[in-house]
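Here come two complexes built around subunit A, the first alongside subunit B, the second alongside subunit C.
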Partner chain A sequence: MIEDDFYRTSSQYRLWSFTAASLQAQRATTNAVASDRVRAAIRRAQEARRSATSSATGTAVPEVEGSTSTSTSTNHPAKAEEKPIECLTPEEEQQTVSYYCEQIIQLGEAYKPPLPTIVRATAIQYLRRFYLTNSPMTYHPKQIMPCALFLATKTDNYYMSLRQFADGVPGDTTAEDIIAPEFVVMQSLRFTFDVRHPFRGLEGGIMELQALAAGQGQPAPHLAATQTPESLQRGLLALPSSSKTITDRIARAHHTTREILKSAAQITDVYFLFTPAQIWLAALMLADRPLAEYYLDTKLGFPQSSVQEAEAADGLAALRPKLLRTLSDCAAMLQAYKPLASDPEQMKTLRRIIGKKLYHCQNPEKVNLGGAGQKRIPAAALASSAAAAAAAAATPTGGVDSGASESEMERLAKKRKLETAAESSSGSKDIFGGELVMQRTKER
Partner chain B sequence: MPSAREAMANRGDDDEVCPVCKSSRYLNPDMQFLINPECYHKMCESCVDRIFSSGPANCPVAGCHKTLRKARFRKQTFEDINVEREVDIRRRVMQILNRREEEFDSKRAWDDFLEQREEIIANLVHGTDVAKTESDLQKYASENMRSIRANQALEAQEASSFKEQQTHEQELARLRREAAKQEYENERRELQASREDVLTRLAAGRPGDAAAIAREGKKVLLKKSSARRSEEDRIRQKQAALRNSDARKAGQGGLTADKADIAGDSGLIKGLKKIVTPEPEKPYDPFGGMVPNKRDYYTLRDFYPSSYLDPIRQDTRMQAGGYDLQEYYSRTLMEAFAGLGCFIDEEVAQRDDAGSLGVSRPAATQGAAQAAVSSTGTPEAS
Partner chain C sequence: MAVSPLIPNPASHAAKTTDATRESEVNGSERSPYKHNMKYSSHVTNEREITEQLNDDVRHKYIKDKRLGEGTYAVVFLGHLRTDPSSFVAIKKIKVNAEYKDGLSMDAIREVKYLQELSHLNIIALHDVFSSKDQNLNLVLEYLPRGDLEMLIKDTNIHYGVADIKAWMGMLARGVWFCHENFILHRDIKPNNLLIAADGEVKLADFGLARSFADPYLNMTHQVITRWYRPPELLFGARQYSGVVDIWSMGMVFAELLLRVPFVAGNTDLDQITKICEAFGTPNEDNWPGVTKLPNYLPADPNHVVPLQGRDFFLRQFPTAGPVGADLLMSMCNLDPRKRSTACRVLQHGWWTTDPTPTDKKNLPRKIDGVKKMGADLTRRGGEIEDSTFKNAARQLNFTAARD
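And then the complex of A and B:
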């Protein structure tokens, strides 16, 4: 179908669509990699602190500091495992992200006038996409969330100045804090800012349903032979109904569907697993099942007629059972959603997760994101980063051999930087620099 | 050459007699015999003048009733009249059946064609099945007028280019010879001059210097000759390069000429290549065969009843900016159905399988890695 091919060209289909299994696998990998890093980083930080307190003379030069700390880590590996660091599980991570997604909705409500639904929805999808490849342990969602929302106001063409935006964010967040992680967020989004929402599709569908009700509906192109506007209107009016008029019914279904799309569709994984057209139809199915099914029939052909015209309606009839299955899957997923705030038990666990656990397992090397935070780096963090660089230099491939990702790459970059610094300092003796041949072999 | 052959013919046929007027060469040494390719009967020049000056007439030889014209009389090339006749026939047939080798599908077809041509020539020469062969030939000639012309033109072109090339080569050879001669002259003159120079210096200088001057003179000579030799080498190389490029150019010329033939299929000759005329180019289709407004799930209407949208039609403030409800309709309906038939669980799984170990995962981690790298890099840059 032509419309489907249009959708297949979108970045949402190409980059941000997953099967349930691949989505889970992706999250598990992200979590595993991040928790390995967090453990390593915290261990390094602890050792750095310990050595900083023990050797008072070594604190002045971070390089010396790093070398000593590596030696201690190699000498006493048992010491580091004294206190196991508890990291978040993938499920806990997801809960955390979901919580902050709901926070986005509330934050949007706080502005005057409230931010449009579409901006909030886009922000939520940005946040969800961001945490597919990043862990809350690496970047705290509290920092990322306002940034995602601000980015969404820009990509959805809803202009707000940064100052104005920062005023609305609760707490003492400054404008710099909000835009500090912006580039990281954009990179993790792989610079695809287009989110295909089901909202406009819903409007289109309701528009057409109203036209059908008014007897002005146009039959679908492949079914023009069997359907007329009058027959469609008759079929629509014949549906079992509890409301007075058909327009009333459509309006009510519209409203309910919209509410589902605003809440359940945002917080669940449906955006990753289904297409916008399927999402809004599934939501409509939840709102008014007979209406949604009738509407689908007008598009795919009625079941009884499709038997005779199975050949004529090239693939439309074949599409039908598959589509119904997909829609019911999607509808089940939407229905299973309960707002976190409504469940006190859930809120309690969440508070524990975010308040305690996440605080303890934050990656200490990632606390400062932007250029503004650069000045007030704690001495311990500086020492630990230097130690990390030195450790990476000592074991070229790195202790955690889990592929190239986040802080691994960062550590390598630091190592490179350190190496060039060392080279420039040692190269002062040799006026013409090192031997060319040696350098070339090194590069290889 | 013609004079020599004439002389030989004259010498050999002292007692030759014109079969028409019976005058002998003995009496008239300047007598010339002419033939007409209609019947190849020999007669003397004066007879031709006498009989055919006033227009076409019958052949005067008894029993031959061919009508001959004066214009077609010519001198005999070969002594044997049969050879003369065969050559004429061959020339005529070759002119008609002038297919070229590249026009045939295979070597075999070309050989068949050659054999067929020889057979036709033999038929005409020996008088077997003449009527049929002639009619075939005529038919073929009328049917394939264009290709025959084209091939003739090609042949003429080839011949002329060959001639041109030959003259060019001769010219080059002449220039080379002249240059060599000039060089030799120069060398000789220089040698002479240097010798004279040495002599004059010897004459002018003191006796003690004699040996030094002689040595110096010899050295100068040597140097000069070696310089000249290297110069010669250079010139020779340049000439060789020039020759090569000429040859290449000529080859290319031949190739391009070959391309230009046109041929039609004929009943007489088998195995000709099919001439494929390229199809005329279709008009440019910017949508690549897609119908721009074709949709599968819905039919767009001009008007949808809606209590929200209807006021817009009357609202000049919205209309003034160019807001078009039609655009809104088409966009919303498109988004309503875009991807309805995309089943992500199937399609993405297929895509991941096809991309060997999953396209999305490594790309995603890569993106994150890049993000991590640049996040460390950016603070420094700013």
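And then the complex of A and C:
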């Protein structure tokens, strides 16, 4: 049991393992919180722009005792912006994230040489972990995805410079765009970078099967009384098979399993719900069920064993149905996966979600994470300045110089307001208003 | 142990205000624009992102006290739990490197990545990680106030015997074994990375060069491990190696504990190879099959071939270890990595159960004030060499002077 003990100390188990119910609850919470924020932020942006428009056009609302920002909106109705904002559902968020996970596989393939499978797999898990506590409405996955992949090259010892990495990213994405969300990403990963993948376990299992096939497989210590390398080899060769040789069969199972681990295992929730060993065994079940079951028999003992053996292996006998149930749950999840990109129906849905809906419910206070050519974005300052901007905009005295007590934030807020005003008056079509002014981080 | 992250409810307005107040406490004299801003934004619903809240919760667990040391790479502060002023921690703040444009540096990533996974009595504990507002990474590490093994080795006023060495080596071996069981190579074992806790326990620190075992046939860098502790296969440029690189370093620490000076201390990588050959024997295809195929292998001067040293040599060279101890050391210093002991085999060796029994950790020789040394050790960048330690120490003194 010592190996289980090791796994239980891993951050993957401690922080990133869930039951189906807790995973769903987590996503629902994230979605609810983000939706509220998006609505509030868009409202703030609208109000800010409206009051900015009023000061820019010189028709400032006369300051009345007890006047509120609602009076401003009645003076300047902006009908188009006031229809309720339709936010993504948790399911839509998940589909969006899955699409960008597939994009990681594609992007990794485009490098010369292609990025190692393990780097891509780690990046995908980073993205999936990131979106357990963040919503695509808050941080658009197209911004986070390249950053997650670059971070994975660093944490998985596949070192390349940011410049080199950026050259491989299509479009006009700059190195600065890629690195800008790094801190937000690391914080959301709760500074745990280790991902336990099922790949190495699969390699070990395949090597064991090859040894069994060659008659060199050693029986497990607790089964040494009933199994010999020869009996194990005979049993393996006696399995029903369509392959010419056992070597062929193992090689085919190996390949198929690996493909499942590279695709379905990455894009589905199996990493959150199962252990790496369960994942690769479930994938092997899908690839070659008799082979996988035989492999388990060499560990758990053969079910058709004699009475004495059954008594000796009592604990293992009880373990078998439990393990098989877990493996078939995992296998069912893997089997249900259909790549989004190759399915026109799913792509149509995605275009609606990402292309239209997400465009309108993107949190305007977070959109230009990578903008302004800034390396590190102070998330807190960003939020504060946005709040200050909103506060200043919503306060009728915001346009008047209030003198000595003016804070840096307020000054920035005003600057932002003026810029927004300038933009609005110049007929900008950006529905979210101008870019946020961001406080430059002090590098120390 | 919680199975899933605990997600707190979105902060209520009251909670936020308290947070802002706390924040200013944590940052001491630093002004908090966030707090300052509260009065302007108080009527706006502006909760923090979920992950920011989680981060704030962690940050608010600790209070930073005085600065213990500063290097080019990090600043280390003494800190304590807010709820318990007597529970000390070391807070290592990683500096943002302005020249490094590629985000968080590899050293910091490695250190955080591996310490997050390793929880063992003989490995420095990483209690928490959080970011301060200026996006600096802060590692909350175990407080280890008794300095390091280097300090004990060098201090001639400190007398220790083979029972003490056995205790220290035992703790080191268990820590290294645990790393390897978790498929992690430390790659920088040396006396000043072996810190000592208040109770005398030795803790393996500085994971800035650590990495997980590579898959078979994948290359790794050979430019790791401080030179005097670097095994011959790395000096010969091997790109595929195993946990026994750390075992060689352990052997060198063992020898140094016995001799109280570094055993093979080369001035250059080439000199290091020469000194290793002189001490342990000249490697060849007989005693180390495959050695001549390593990328940086240099054929030995035919007039200067040293035969592979046997047990007699180790006994003669390290009489205090006793015959069983010398045998253990020899198994750790095998030139051929395939024949060198693994961490598991080291732990199974008979020396641990031979007389004398290891000293109880509370009775081990100790320095009274090792806090400053801990500060210097923790600020060092992975793989940084000896003299920079002294530079850091000097700088540290200057800082103290400047503040007084």
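Quick note on the criterion: the second predicted complex is superposed on the first by the 335 of 444 C-alpha atoms of A that agree within 3 Å, B and C clash if a C-alpha of one lies under 4 Å from a C-alpha of the other, contacts with A are read in each partner's own complex, and residues count from 1 in each chain.
The rule is short, and it goes like this: a contact is a pair of C-beta atoms (placed from the backbone, for glycine too) under 8 Å apart; a residue touches a chain by one contact, two chains touch by 3 or more.
Only a predicted model underlies this, so the values are computations on that prediction, with no experimental measurement involved.
A.B. asks: So, does A:Phe6 touch the first partner subunit B, the second partner subunit C, both, or neither?
C.D. replies: Touch partners of A:Phe6: subunit B and subunit C.
A.B. asks: Give one of first, second, both or neither to describe whether A:Thr155 is in contact with subunit B, with subunit C, with both, or with none.
C.D. replies: Touch partner of A:Thr155: subunit C, not subunit B.
A.B. asks: With the two structures laid over each other on chain A, which partner does A:Gly168 touch: subunit B (first), subunit C (second), both, or neither?
C.D. replies: In the superposition, A:Gly168 contacts neither subunit B nor subunit C.
A.B. asks: So in the superposed three-chain picture, is A:Leu323 touching just subunit B, just subunit C, both, or none of them (first/second/both/neither)?
C.D. replies: The answer is first: A:Leu323 touches subunit B but not subunit C.
A.B. asks: Regarding the shared-chain residue A:Gln187, is it in contact with subunit B (first), subunit C (second), both, or neither?
C.D. replies: Touch status of A:Gln187: both partners.
A.B. asks: Which partner does A:Ala224 reach: the first (subunit B), the second (subunit C), both, or neither?
C.D. replies: The first partner, subunit B, only.
A.B. asks: Report for A:Trp280: first if it touches subunit B alone, second if subunit C alone, otherwise both or neither.
C.D. replies: So A:Trp280 only meets subunit B here.
A.B. asks: So in the superposed three-chain picture, is A:Asn134 touching just subunit B, just subunit C, both, or none of them (first/second/both/neither)?
C.D. replies: both
A.B. asks: Look at A:Leu202 in the shared chain and tell me whether it touches subunit B only, subunit C only, both, or neither; answer first, second, both or neither.
C.D. replies: After superposing on A, A:Leu202 lies in contact with subunit B but is clear of subunit C.
A.B. asks: Could you list which residues of subunit A make contact with subunit B in one structure and with subunit C in the other?
C.D. replies: 6, 8, 13, 15, 17-19, 22, 26, 29-30, 33, 132-134, 183-184, 187-188, 190, 200, 203, 407-410
A.B. asks: Can you list the residues on subunit C that touch subunit A in the complex?
C.D. replies: Residues 1-5, 7, 10, 33-34, 36-37, 40-41, 43-52, 54-55, 95-96, 98, 101-104, 106, 109, 112-114, 116-119, 129, 131, 133-137, 181-182, 211-212, 214-215, 220 of subunit C touch subunit A in their complex.
A.B. asks: Could you please specify the touching residues of subunit A with respect to subunit B in the complex?
C.D. replies: Residues 1-4, 6-8, 13, 15, 17-20, 22, 25-26, 29-30, 33, 132-134, 183-184, 187-188, 190, 196, 200-205, 207-208, 210-211, 214, 216, 218-222, 224, 273-278, 280-281, 299, 316, 319, 322-323, 326, 368-371, 374, 403-410, 412-414 of subunit A touch subunit B in their complex.
A.B. asks: Within their complex, state which residues of subunit B touch subunit A.
C.D. replies: So the residues of subunit B touching subunit A come out as 290, 294-301, 303-306, 309, 329, 331-345, 347-349, 352, 358, 360-361, 363-379, 382.
A.B. asks: Give the list of subunit A residues in touch with subunit C in this complex.
C.D. replies: Of all residues in subunit A, those touching subunit C are 6, 8-11, 13-19, 22-23, 26, 29-30, 33, 36-37, 40, 44, 118, 132-134, 138, 150-151, 154-155, 157, 159, 161-162, 175, 179, 182-184, 186-188, 190-194, 200, 203, 375-376, 378-381, 383-384, 386-388, 390-392, 394, 407-410, 439, 441-444.
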